[in-house]
Each structure stands twice: as C-alpha cells, then as structure tokens.
Amino acid sequence: MIATSVTFWLKDLLGSIGLSGDLLTIATYGILAVAVFSLLSVLALFLVWWERKVAGHIQQRFGPMRNGWHGWYQTLMDGLKLLQKEDILVFTRDRMVFFWAPIMCFVAAFAAYIVMPFGEGLIVADLNIGILYIVAITTFTIISLLMAGWGSNNKYALLGGMRSAAQVVSYEVPMVVSILIVVLSAESLSMVKIVEAQGGWIWNWNIFKIPVVGLVAFITYIIAAVAEANRTPFDLPEAEQELVAGFNIEYSGMKFAMFFLAEFINLFTVSAIAVTLFLGGWQGPGPASISFIWFFLKTFAVIFLLMLFRWTYPRLRVDQLMEFAWKFLIPLTFVNLIIAAVMKHFGWYLGN
Amino acid sequence: MAELRTEEFQVNMGPHHPSTHGVCRLLLTLDGEKIIKVEPYIGYLHRAIEKICENRTYPMCIPILDRFEYVTAMSCNYVFSLAAERLAEIEVPERAEYLRVIMLELNRIASHMIFFGTTVMDIGALTPFLYALREREMIMDLFEMTCGQRLTYNYIRIGGVSRDIPKEFIPKCRETIKTIDEKIEEYKRLLNGNPIWKARTIGIGKLSPELAIAYGASGPILRASGVEYDLRRDDPYSIYDRFDYKIPTYQNGDVYDRYMVRLDEMQESCKIVAQALDGLPEGDIRAKVKPNFKPPEGEVYTRIENSRGEMGVHLISDGTNKPFRLKARGGSFAHLQLLPEISKGCLIADLVAIFASFDVILPEVDR
Amino acid sequence: MGLIKKLPVFAEKVPGGGIVTTSIEQVLNFAQAKSLWYLLFGTACCAIELMCTGASRYDFDRLGMIFRASPRQSDLIIVAGTITKKMAPRLRTLYDQMAEPRYVIAMGGCTIKGGPFYYDSYSVEKGIEHIIPVDIYIPGCPPRPESLLEGCLNLSKQIQKRKLGDWQEK
Amino acid sequence: MTKEELKSYLESNYPELTYSESGKYDLLFIVEAQKLVKTCEKLRDDVKLQFNYLGNISGVDTTENYLTVYQIASISNKLRLDIKVILPHDNPSINSVQSVWPAANWYEREIWELYGIEIHNHDNLTRFLLPDDWDQGHPMRKDWDAPDFIRFPQK
Amino acid sequence: MVSEYISVLIFILAGIGIVLFTFFLARLIRPSNPYKEKNVNYECAETPIGDSWIKFNNRFYIFALIFVIFDVEAVFLFPWAVAFGKLGLYALVEMILFILILFFGIFYAWQKGALKWV
C-alpha cells in the first residue's frame, strides 16, 4: 500500500497523539466517515443546484437566480427549510418500516464511498472485493424504497415501491455483467487496481482498451446505472404524472430530505463508478496530488450526460422497461461478456 | 402461467392529481398496475354557468362564457355571438369576420400548444412543455395588444369585435406564425424520431371510428380515428370557405395520431392566419347592435369547430334581453365519457397518456 | 419537540442571548422565505396563468420555487381558480395534509370573493377564507403572471418578519 | 341534401315528426315522448340520412312544460337536425336514447340531475355535477330557489 | 488488529448516527401539530378506499425470482473473471457453456410469457 494514502496519513497522525491498536483504526475510519459525509453533503447540494441550472438552461430559462450569484445558496436554503418542516406520521403507517426506510436509503448510498477512489491514495479503504462490495451495498437502496412504499400504507407509494424494486432488480443484472467485463480486463475487484490498470495513455482506459466491447459495456452500464439511480427515462418509482410522488409521497421534512440526498448521492456514485471502471478513474496528466481533479472532472462530465438524458427524454412505461432489460439488455451484455472473454484469451486488447 | 389470485384495489386519481389537468376524479380499479375499470367523477368545477347566464343580459353573457372554456376563450365568445346573430339575423361586417378568423385560429394554436406541452409532460418529458408555453406567450402578446387580456378576452361581441387591431399587430402576427410554423417542425424533429416517445404513444388507446362517432367524439379525436370531419368545412360558418387549408386526418386513432393531428392542425391554422392577414379588408368592425340587445323569440343551436371538437351553444330566446335558456356544449364532455371505454386493460401510464391525448379541460365538462 | 419555542425564554436569562435568538430566527425565516415549494394545484383559468408563471418567460424557479405534487413536501398552496362547494372539502383536506409551516396564496377573484361573475351561482364557494386561512390575496381574473410573482415576493417578505416559532400558532 | 330537401324528405317520410317554427337556423321537429326512441333509431338507420352522431341534449324548463332537445347530426351526409320532445310539468319522464347513441348517457344524467326529469332504461343515474350531499332539488328549474341564489327581475 | 473491513461497519453506524442526529436537530426546531385530518393517508385529496396492504399482483415477484437466478450466476462469474488469466481456454469454454445454459433458461421464461408484464 502506498504511503500517500489518506487513511495511512491519518493513522500516522492519530498514532502520533497516542492512539493505538483497534481504537486507532476505529477512530481513523470514524473521522473519515464524517469527512466523506461532509464531502457528500456539499456535493449533493451542488448537484441539486447544478441540476436545476442545467434544467433551466435546457428549457430556455435561468433556474435559481435570486439567492446569491446565480442562486448558489439556493439548495442550502432548501435544506434548511426542510429541517424546519413538520414530520408527518400517518396513522396507518408501519412504524418501524416507515422510520427506517429513509435511514437505510441514505446509509446504503453513503456506505458505498468506502471504496471510492477519489484520487491517487484518496480512498478510505481499498477493500480487495471493492466493486462487488459497491454492487452489494447499493442494492440496499431497493429494499429501502420498497420499505418506504410499504410502510406508508399508501397505494401510490406501494405502486412506486413495487415499481422501483422490479426495475432495480431487472437492471442489476446488466449492470453487474457490464462491470464483469472490466473485472475480466483488470483481473481484480479492487477499485484501486482497476484504476491503476488503466494508467498511461487514453487508449488504456477500459472503454477503448477492449475495442468496441468496452464501448458497448460502457453504454449498457450507463443505461443500467440511470435505471439504478431512478432517473428519467427510468424514473418510474416517482413518476410525478402517474404516481403523484411515488414511494416518498407520505414523507415530509427531514425524512424526505434523506431520500432526496440519497438520490443525488446515488447519481454521483453511479457516475463515479462509470469513471472508475471505464474512463480511467483519477488517471490524467500531472502529478498524483492533482489526480482528484481529473476524477471530479470526468465524473461531472458523466453526470452532465445523465442530466441531459433527464431533461430531454420521455419516460418509459413499466412493461416496456422490463422488456427492455430482459429481452434486450441482458442478452446483449452476456454476448458482450463472451466476446470480451474470447478477446482476452487471444490477447486482442489495446494498450499495456 | 398458473393464475395466482390477487386482490383488486381501488385508487382515487384526482381531484388533485398532476395529470388530470384540473379537478377531475377518476376512480380506478386496479390489479397491480393494470386497470380493470375507470369511473370518472366530475362536477368539482360546476359553477352553474348556464344558470347564471339566464340571469344576465346578452352582452353580459360573453365574459361568463369566456370562463366556460378558458383555453380557447375566443371560440366561446364567437359561438355565443354567432348564436345571437343567427337569432337576430345580424349581418357582420367583412373586416370583423376576418379579425374573428384570425383570433380564432391564433387561439386554436395557443390551445394546441397547451395540449402539446401537457401531453408530452404527462408522458414524462418535461422540457417540451416549456418550449410550447414559450411559443404560446407570443400569441398571448398578440391578444394582449388587441384586447388587453391574456386568457379571457371578451373580444368577439355580438355583431362584430370589440375593437380594431393596432398598427403593429399585422407585422408581429406574421412574424409569430412564421416562428411557430418553424417551431412545430422542431417539435416534430424532437419527438417523432424518439423511440421512447413512439413506444409510449403508437398503438395506445386505440379508438375505432365507429366508437368515436357513437360516443359523440369530435374534432381532432375524430379526425385521428380516420373520419374526415371538420365543422369549418362541413357546417360552414364565418368565412372559412374563402381560405385554402387541409384537414389533417390520421387513420389509427391512437395517442400518436391524436398528437400528430393537432400538430398538423397548428400548421394549417398558421396558413389560415396568413391568408386572412393578406385578405384583411378595411371597414367597420361592428354592426349596429343596440346596447339593450333583444333578439326575437326562437331557438338556435350553433356549433363551431373548437380546438377540442364541437363547441355548441343552444340558445333559446323569449324576446327579453336575457337568454331564456343557454346550454353550452363542449367537446370534452363527450370525450371524457369515452375514457372508460378505451382505457380498460391498459396500464396506469397508458391511462395518463390517453387522458392527456383527449385534451380534456374540466370547465367544459362541468360548466 | 418544539424546543425552539422555548428558546427565547431561555435566551432572555443569558446575557446577549437575544442576539442569538434573533440571528437563528433570521436564518430560519430566510431559509423558509427563499425556498417556497408550491403544490401543483389548480382548478380553473388561473391554473393556466400559474403554468405560464412556471414556464420560461416568468420562471418561478428563479425565486427558488419549484412544484411538488405531494402536499407533504410543499410549503405553499396557490389556490388557482374557482373553488366550488363540491371541491371545498377536498381543498381543506389538501391544506390539512400539508406539513407545517404552510402558506396559502389565494389567486384570482374566485378565491377571494367567489369571483366577479359567480356571485349568484348556487355552487360556487364565495371566497376560500372560510375554508382555509389565507396569507396573500392576488386580485385579477385571472391575475397576470407578474402579479403572481409579486404576490410570492410579498409572501416571502411576510415570512421573514415572523417571530421564532410563530408558525405553530396557526 | 340541402336544408329544404331534408325538411321535405322528413315531412313526407316521417309522419311522427312535426315541423316547428321556433327553430331559427336549423330544422326543428317535435316528436311525441313515446315515439322518441323508435324515431331516433329510424333516423339513425335511414340510409339516406344516417343521423349517427348525437351532439347534445338540452333540457329546458318553459315553466309550462319541460322540453328535451336532441341535437343530432350526420357525419357522412353532413346534415343537422334538432328534435324536441315536450314533457308535462308534473312528473316528467322520458325514455333513454342511450341504445341509439351511447353518447346520450351523460347528457341524460345531467338532465336527470339538474331538471329532475326521470329517465327510463338508463344504466347509471347517479349524482353527477352537484355535491354528493346535495339536497336542494333541481337547480336548473325556473322555479328553483335557494338562499344564496339572487334572481334579477326580468325587464 | 481488526481488518479494514471494520470500516464497513463504522460507515454504516456513522451513517445511521448522522441521520439520527439530523432527525434530532429537526425535532428541536420543527413545529409539530398532528391532528386527525392531517395524519390520514394522502390519496389525491380523497378519503382512501380500503387498505393498501393487500395481496398484490404477482408480476413484480416473478421478476424477482428470475433475478435471483441471474444474480447467483453473476456471483459465480466474479471469481472466474478475476482468475481468468490463470485458467486458460478450459475456463473460457466452460463459462460460455454456463452462460448458454442460462440463456436457455431466459428463453424458456420468455416463451412461457414470464417476461410479459400483463
């Protein structure tokens, strides 16, 4: 492990003030958790604002303008306002399920950031099952949405929760198989190793490294990721025109804010994974200390792409969504995987 | 698949629901997402327009009828004025007729813009809604410079129109219809090639011509089902026989065709407006009508082609200055009745698309 | 729960506590005033003008106002259009189901006093103030988008003048 | 077929229809309440006419009688016709034309609700435009009155 | 010495802690005024008809069942992909066969109409 890793640096720092053993590890990760949370809050606030600006400019208006320069603190105000909103507890709800759903939604989105390589050495813990862990932990989001739908005892919420479960479950498979292609190429599940395998020139990025197959895998991943993040054209669980607000219809105040936050953290997660797996992660010209800039630039580019999707496409219908996943995307990704394996075996890869 | 027994459940859609376009309540019986039965409940906007019109003099009825169908308030003005003129046999000056046609067609475009925006929004694309309203604002500007109102105009009066157009109107109107014509092409490029849009609209909510006629469907919905029937041509009124325009007709009667009929109709309306601007004569804008207007006894049913189909007024006069009976008929009334028939067995998302494609506007149903 | 209401009482006992209370009050009110999410609700003609106000030319989003379809998440209900006697209980339900603090804008003549035309109608509710408490009245039939924006800005100013915990009284 | 041709055709072939002078622009014929459904079916199935489209049904209270006026049209032949039925003021009732034109359903419901005209053979006569707990009678009747309804004097 | 997997536990606990803290913070300043009309279910401003906890349409569950098969397959594929370089041609052929067998599964489900929504 490289000494520049932020975790090791922090450990040294804490060690120098007298901590040791298990307590040191726990304290280190505790501090990192708070740091990651702060980063994610800022990111989510920024992304909501950015989304509204992008939407505004696509629609030939401005988006938030009045609160600060181009409305820069608009989302902060939204957050503060949500903090002051009353928490409505429906009489007929399922108490535990209703209460834990937003927490679980947020935690599932938050815990994925343990293995997210923000830059060279900027990673909380380079678990050797990295990508598998992310796939596993983000799936908890489905359960939380289902819990929200069921716990509210509202028919629209139930429909929304059911839709989201069916949708995320269906798109999980193509997403995993697209990821497998990258794993096959890097022969590792560790996020750091996957990024390091893409060092050097641009053709070492997985999207180009495996000719055609990489590009197809990237596209299938993005489609599946949009579905996983519940965004248009796959935003069926909270389709405003059909289900009023979907699974979060009965949530108000901070509980709703948690869903909102988790949604945008998930947006960042799926884009960051796309960057890590296919677009070379933090790799870019310049010293290691500015590698995080490359990571964020690439991630924001992918997020911008997803925002363009959201504001230009109509929404699919639920059966079309399922058919698209099972009858088109899953066969395509599997064929893609077989081709990738064959190419790997015969060494038809670019770079390295 | 073996049949697993599941429970049907009932959901209220409306009166407060983003896609009912007002305060309509649909009681859905669902099996999962599939719709077993739709029962519309209306009357949440029943303002008794017909009753209070019996209590007003003829000129006072016109602003009330503005609110009967506020999206195309010009048509409401016009159909009532036409009925009153037919009762009293008033000749309307040439220039007034041209101005009426211009306003009616501009209003038709404005109304279809709302249809386009809301339909596309209900299917999930938010952006075209704002584009459509942006273009609509240009027409609102034209109305505003003519009669000072954006939505409820009270412009077409018995015997003519309330005031002449300002000088700047004609160049601005030409520019507007040119822009709108281009923008409609842009909308078509934006959506018609989009596979998601096609998947969501083509073959959804098919309406056969027989069913459409039996249920009294009219206007774009009838034409989308392949019946070429337009009251502007088939029950002529005003001066529509002087203009050259096509009646767009499509054959499948699905959501996509209803949408295409309206888009094409907007372009045809642009053509009519352009011709009317070319032929606009000089002269009076209003026939001599007494302020205390008293038509002779009699009754008349007048119908015109509105953007939502046949709009009619059944007017009975007893010789006094107030209508003895005024029955307003809107296209949406018949169309909403049709909804349960064609939305059986589809999904919730389809119901939303079908409802949007009917372009139901609730005050026309509830009055 | 509701601790914030007791804060001024505590703060008085501490020297300089008043400043803390005032600044917290200002920040919280400012946040509420700058982020009014309105409920997507319209019944008649005014709803079209409400739509226009949300659209490109007038653009509600500039003021930080976005629409929410669920009353649980909205702060502001813009009653746009005639409320009939059949609709009145539903409007009350909607208002009841909104999370506090909640505000009401009565848009157009019909919501203020039953409209310029429906004074002799048997089915129109003559003004919504006997159904729900109203913060801002906007006259017009229908009011222009500009006046709606003006109304929203006035509401925003009104919110900023509130005392801490005031909203609980309503 | 012009208006005059239609008038003479109807007068010669349909003895149950009587021409009425009060119609100003369109043709207005009066038919007896018992013969209404039969006549409507005949009008719809007549190959020369094909009145297959029901535009509107209006109820009218003339203070002496109740009227229901059916505004029908033929889409293929581009014809228009009004049919009027005169009903007595006490216990007015009429047969539904729903079997002829399904569109009649809601129009008849409305007449039932607002005028209190009984509709026979109608499949769904339930509360419609008025509030669910409405108990103040039939508001479109001329003699209807309520505390908040202000009637202006006729001039 | 605990392994670095303790970070997962710490992050989950920290996440829960942070959310609970914000809930607590909100509890301090938010108003609370529950009454009967407010706390009934929202259903487009109407009174809800019946309960929503019912025997729901099975469509959704069938997809979940098929998903389980494919997710288990993916779990098998992960170690294969990691060790692919060392395994050689035999593993490649083996896995293609494995995927093909699953393909027959999906085609069977397709034929049986399990992938149809209604």
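Think of it as A, B, C, D and E in the order they're written, each chain with its own count starting at 1.
The criterion applied here is as follows: a residue touches a chain if its C-beta (ideal position, glycine included) is under 8 Å from a C-beta of that chain, and two chains touch if they have at least 3 such contacts.
This is a predicted model, so every value here is computed, not measured.
**Student:** According to the touch definition, list the chains common to the neighbour sets of chain A and chain D.
**Tutor:** Touching chain A and chain D alike, sorted by label: B, C.
**Student:** Could you tell me which chains make contact with chain A and chain E both?
**Tutor:** B, C
**Student:** Select, from all pairs of chains, the pair with the highest number of C-beta pairs in contact.
**Tutor:** A-E
**Student:** What's the farthest chain from chain C if centres are computed as the mean of the Cα atoms?
**Tutor:** The chain lying farthest from chain C is D.
**Student:** Compute the distance, rounded to whole Å, between the mean C-alpha positions of chain D and chain E.
**Tutor:** Here chain D and chain E have centroids separated by 59 Å.
**Student:** In angstrom, rounded to a whole number, how far apart do the mean CA points of chain A and chain C lie?
**Tutor:** Centre separation, chain A to chain C: 35 Å.
**Student:** Measure off the straight-line distance from the CA centroid of chain A to the CA centroid of chain B, and report it in whole Å.
**Tutor:** Their C-alpha centroids are separated by 45 Å.
**Student:** Could you grab the centroid distance between chain B and chain C? Build each centroid from C-alpha atoms only and quote it in angstrom.
**Tutor:** 32
**Student:** What residues in chain C touch two or more of the other chains?
**Tutor:** Residues 28, 55-57, 69-72, 84, 86, 90, 94, 97, 100-101, 120-123 of chain C touch two or more partner chains.
**Student:** In chain B, which residues are in touch with two or more of the other chains?
**Tutor:** Counting only residues that touch two or more other chains, chain B contributes 9, 11, 15-18, 33, 43, 46, 48, 51, 55, 130-131, 134, 347.
**Student:** Among the residues of chain E, which are close enough to touch at least two other chains?
**Tutor:** Each of 27, 29-33, 38, 40, 42-46, 48, 52, 56, 59-60, 117-118 in chain E touches at least two other chains.
**Student:** Mind listing each pair of touching chains for me?
**Tutor:** A-B, A-C, A-E, B-C, B-D, B-E, C-D, C-E
**Student:** Applying the document's contact rule, which stretches of chain C touch chain B when the two form their complex?
**Tutor:** Interface residues on the chain C side: 40-45, 47-49, 51-52, 55-57, 69, 71, 81-82, 84, 86-87, 90, 94, 117-118, 120-124, 141-142, 144.
**Student:** Can you list the residues on chain B that touch chain D in the complex?
**Tutor:** 42-43, 46, 48, 50-51, 55, 86-87, 213-216, 218, 222, 227, 229, 234-235, 297-303, 310, 312, 314, 316, 320-322, 324-325, 327, 329, 333-334, 337, 366-367
**Student:** If we count contacts the way the header does, which residues on chain E are in touch with chain C in the complex?
**Tutor:** 27-33, 35, 37-38, 40, 42, 45-46
**Student:** Which residues of chain A touch chain B in the complex?
**Tutor:** 55, 58-61, 155-156, 159, 163, 232-233, 235-236, 239-244, 311-320
**Student:** Considering the complex alone, what residue numbers of chain C touch chain E?
**Tutor:** On the chain C side, the touching residues are 1-4, 28, 70-72, 90-94, 96-97, 100-101, 165, 167-168.
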